[in-house]
Amino acid sequence: MSRARSGGARARPPIRLFRNFSSKLAAIPMVLVGLGVFVGGTIWTIVHSFTDSRLLPRLRWVGFDQYERLWSTRRWLVSIENLAVYGIVSLVLTMCLGFLLAALLDRKIRYEDTFRTIFLYPFALSFIVTGLVWQWILNPEFGIQSIVRGLGISGFNFDPLYNPDLVIIGLLIAGLWQGTGLIMVIMLAGLRGIDEDIWKACRVDGIPVWKTYVVVIIPMMKPVFVTALVLVTSGIVKLYDLVVAMTSGGPGISSEVPAKYVYDTLFTRQNLGQGFAASTMMLVTVAIILIPWAYMQFREKRQ
Amino acid sequence: MSATEITTAAGTASAVTPRGAKPKSAFAPRNIMLYGTLIVFSIYYLLPLYVMLVTSLKDMAEIRVGNVFSPPVEITFQPWVKAWSEACTGINCDGLSRGFWNSVRILIPSLILSVSVAALTGYVLACWRFRGSEVFFGILLLGAFIPYQVLLYPLVIILREMGLFGSLWGLVLVHTIFAMPINVLLFRNYFVALPEELFKAARVDGAGFWGIFFRIVIPMSLPIFVVSGIIQVTGIWNDFLFGVVYTRPENYPMTVQLNNIVNSVQGVKEYNVNMAATLLTGLVPLVVYFFSGRLFVRGIAAGAVKG
Amino acid sequence: MKKTLALLASTSLISVGSAAFAVDLEVTHWWTSGGEAAAVAEFARLFNENTEHNWVDGAIAGSGGTARPIMIGRITGGDPMGATQFNHGRQAEELVEAGLMLDLTDLAEAEGWRDFVNPTSLLDSCTLDGRIYCVPINIHSWQWLWLSHKAYEDAGVPVPTNWDEFVAAAPALEEAGKIPLAMGGQPWQSNGAFGVMAIALAGIEAWEAVHIDQNAEVAAGPEYARVFEAAAQARAFSARSNVQDWNQATNLVITGQAGGQIMGDWAQGEFQVAGLVAGEDYSCLPGLGVNEIISTGGDAFYFPKVNNPEVEAAQLELASLMISQEAQVAFNLKKGSLPVRGDIDLAAANDCMQKGLEILATGAILPDANQTFSPDTQGQIEDLMVEFWNDPNFSAEEAQRLYVEIIASAD
Amino acid sequence: MENSIEIKELKLAFGAVTVLEDLNLRVGQGEFLVLLGSSGCGKSTLLNCIAGLLDVTDGEIHIQGRNVTWEEPSQRGIGMVFQSYALYPQMTVEGNLSFGLKNARVPKDEIATRIARAAAVLQIEPLLKRKPGALSGGQRQRVAIGRALVRDVDVFLFDEPLSNLDAKLRADLRVEIKRLHQTLKNTMIYVTHDQVEAMTLADRIAIMKGGQIMQLAPPSEIYNRPVNKYVAGFIGSPAMNFMEGQLEAAAQSFDTGRGLSFSVQGYEFVGAPTSGPVWLGLRPEHIQSGRWADGQPVQLEALVDMVEPMGSDTQVWATVNGQELRFRMDGQEPVAIGDRMPIGFDPARLSLFDKKTENRL
């Protein structure tokens, strides 16, 4: 029957482009977004970082001037330092906390659904909302500080949002609150994917539970950790909304972050060249972190 | 001699009574620790929600005298009414209600378009690889790390050239673009994990690119659609930056109005109205979470963890 | 009223007589606090009542820093609004250069803006290559110290009449549990307060040398050293004001929790909304009571090009209306700012506004920092100021050194 | 139309890696061909090329006289059965069977007839309304076969269809496939790594290694006259004994050089015998022991190292003059470690391979 239909059998290989034409058609959005927006936008940005563009982009070259100024700007240096501190602490804590919570939930407990929902719901809320609520709770006049003082401990001081040395802690409290839930779910999914027999083997071998996690389970969950790492890191690099909603970079410039510097210079200060230089530096940083990782992934696949 | 006897006695005893700890009761120290830790963490996670709720039900006088954690003495819904329909930005005093419907109008097309484009792209990458497709995938993944601010300006230019700037569709397009990296990753990983032979069987059965996608792949992919859907609902609903940059005021989403209400302080900061507005804004994603949390975990297990 | 109508008639003559066509004109601005919203509502009311057109309000809350990028994005993105607020000065310079703004010269000449706008420097900052591109609508001056009578009564000291008295009275306020100086955490507030102190304490000559000639030597000199010392002192006075927004800080003064606040004349609106009476409940010291001088910054409206003759006609009508006597009076009374016209009677204005008008009449005016520095330089100074203002260990000398660096490379 | 399938000079490469090279194969009308080899030998790849699921780099594939090299899989007139069954989980059994026919726009009543016929042949009528998730492994594979059956094609392709089943089901279904072939008389190409399946089912077996067909022959020939050492070692369980040694062409004798030598007179050489180093292959089941060793042309004495009783017979690991040998003996015969016993065999059943080329001599 099918034979009858295709009497004129094609003996020649078709042109490569038209083979599976539909799939090529369906790949167009990806190609356009990848090349047009991500690559194109990035190149455009890098090119304009070597100009003195102000409010509107223009191609008047100034070499590395923008970069020289960038690296002699205190606010940028503070921003980088803040991001490094926040990034490292938040990465470590998010991973640890996410794993801890997932491990606890994985101990065949009762009300697992309830606990899981409680840990995950903040992820549904925007950073704007997160920032507002925690700003309110950490407000020394209404929030935790006043409650504890009300209990009679009058010397209690906890006003991270008004103390330049502690403000990163304030951001972390809110950031972790919002972000750990997703990581917990990913870790939980990873834990559920581990063969029950592994647990049995470890029990038979008499390995304590904590040691089983550290020595056996965590190494087995490498791909899960990689996924989580990618998610957390990409979020940290983009850290902006939370800072704007909670502190606006204050007190002083003590909680400024690079993304905010980029936004402010681009749009408020109307200095596109400088903003583009800053965003190029952010991209370079990301690339320094990502390229070795991508290379490793690629090599692993080859083997 | 006596030493031998003692050993024997001990040996006998151990033969009679089972060794090792007895099965744990519900109040074993280990369980208390387990649940104790969970409850402590639950307090940390629930505290803000509680504060928001309690504050939104108090009137301003009570807020000024009490602390944030005390329950309302007299429950008032006035802040909610005000947040929804009366709060002012500039000279418009219609609260969040207008923004709510705008957000719905933005959410639905953005959700449909971004999830379908991501699913289709993931399908191409998983099942119909072509020369260079992996390179494009790599570029997309790198895109996930580009700070939005970097692309804000180029996108203004792209949208302007397309004549979409300021329109609802321009914003839908922007949401679709920025949703691609992470969602394509999810879909691709999920589709790669589907048995390859199924795909071959369908080709032998004469199903083409679209036939396999619609008849075979989609019906098997509910969990990952749920995950992608949830991520998109929250992402799009909570977006502030794109909403404000790429649309005009009559299309401003709810978050922009939330920001306006919270930031346009007229006299004293009305914390109760702010909290009510905050809760109202977060309501849609919260409801989505509460009802599909279980599917979410299952989908994550299938899509994000493998590969 | 008659005059307004006459003006409107003349406008419609210019605008090819198509005024009968109703247009929804979207107007973006960042006026969202109580007094500001009331003021802008006056514009909207007059526009809706006196023309066929419709005011579509595009308020963006936050501050100019939040709103401006959105406005610029809209204009450069090819989806311009009907009219938009900018501060006087250089914020919109490049947009005008790029030909994105409507040329208002014909309207301005027909109505004779140059004859009644006072000071004329306001119109100059709207002018590029002899063409006029914006409508100045008010004059805002930064140089005010707002003082709460209640706070000083509570502390049992007389209300100061100049900065030195204010400094002297500060310890008494501290003792009474008051904050001597209220200060919001936003960068522009720190920067603004510093600017005020610079004019008042360094003197006009030094200020002009730094701002207009961008003379770094003067910025490094003893006059400015004094300013930085005073700012360090003010920083100590304001240490306990844990607020972000400027009107939150004003509220501390209104409620008597704080002694005073250095803030522009827009704070006036907040006192008014709160029902306080100038001279009785609060007082205001222009130029910190030291140098009675005001800077003439303010707001202006620009009209992006839309290439639609009907909308263009409506834009011109709005421009004409905004500078009309009736609108100027209604708007500025609510806003607490000074009108841009020298030919109107503001008998209804209160004590503080009258003071401002008097100073304006004597010509003791300076341009605003927004007119002298680019937004970029302004931003750099803001960064410095906000850091200085919030870090008690940041010495005045160090701040001055960094300030000099910025001035040296300013544009 | 003598050949059902003809493959000419087939080449398949992924980038720099060549998987199949210059492969030629002819499959007769109604023939049951088994592609046999260990994993990674290219047998499944070849099947996928025939099915059109992989695009070939070079060469031609003809099915029923038609050049189908660039046809879509569904247009090639093939049906295919997969190892993992590959049933569409969201469709009922009936839906699975009809999916391909619907895609080919076969009329409804025709679909019904064909499904009914296939279901009857495979005895899956009661399962038609169920979904695959509710079926056992054996039932699923029947449905998968049914899916190929309803297509009413001349060529069936099986890709390790029994590998996911347990031993007993595998044996049952094997018989059933054989019976199906006898009834339908279709051309069938069957990929497996299981030599029992290959030997029992095949008309001809193609043994593959490294993307090339080593030997294409009926099972008995493969078993008795393997063309090279690889094929010889691959087929047969337990595996063939191999001895390294020297062949004396003139004397027709073999010498390990370590104290064991015997005559190979009676061995059928492929060409003229030449002296030189060789591998000598001897199947364990061709070695007679105990009293059955009497009368064999070659007789030796073995020392028993290890014994594996299997019930029906016993496998013995022994040493003969320093040379390890495995052989089988009757399960009822007594044997113990350390026993010495006579063994014997017929050189006609030996295999001799050149040491260097490993090809049959």
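In this document, chain identifiers A, B, C and D correspond to the written order of the chains, with residue numbering beginning at 1 in each.
Following the convention adopted for this analysis, a contact is a pair of C-beta atoms (placed from the backbone, for glycine too) under 8 Å apart; a residue touches a chain by one contact, two chains touch by 3 or more.
Bear in mind that the values here come from a model prediction, so they are computed numbers and not experimental data.
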item	value
Steps needed, at minimum, to go from chain C to chain D via contacts	2
Remotest chain, chain A as reference, centres from CA atoms	D
Distance between the centres, which are taken as Cα means, of chain B and chain A, whole angstrom	14
Whole-Å gap between the CA centroids of chain B and chain C	42
Whole-Å separation of chain centres (CA-atom averages), chain B against chain D	53
Sequence positions of chain B contacting 2 or more other chains	152, 206, 208, 259, 262
Junction residues of chain C, two or more chains touched	69, 73, 76
For chain A, residues contacting two or more additional chains	2, 139, 263, 266
Of all residues in chain D, those that touch chain B in their complex	48, 51-53, 72-75, 78-80, 82-90, 99-100, 103-104, 144, 147, 159
Chain B residues within the chain A interface of the complex	34-35, 37-38, 41-42, 44-49, 51-52, 55, 63, 67-69, 117, 120-121, 123-125, 128, 130-131, 133, 136-140, 142-155, 157-158, 176-177, 180, 182, 184, 206, 208-210, 234, 237-241, 255, 258-259, 262, 271, 274-275, 278, 281-282, 285-286, 288-290, 293-294, 296-297, 300-301, 304-307
Parts of chain C lying in touch with chain B, wherever the complex brings them together	26, 28-29, 31-34, 37, 40-41, 44, 56-62, 66, 69-70, 73-74, 76-79, 81, 245, 247-248, 251, 270, 273-274
Chain B residues within the chain D interface of the complex	195, 197-198, 200-208, 211, 215-216, 219-220
Residues of chain C defined as touching chain A within the complex	64-65, 68-69, 72-73, 76, 91, 93-95, 98, 185-187, 242, 244, 374-376, 378-380, 383-384, 386-391, 402
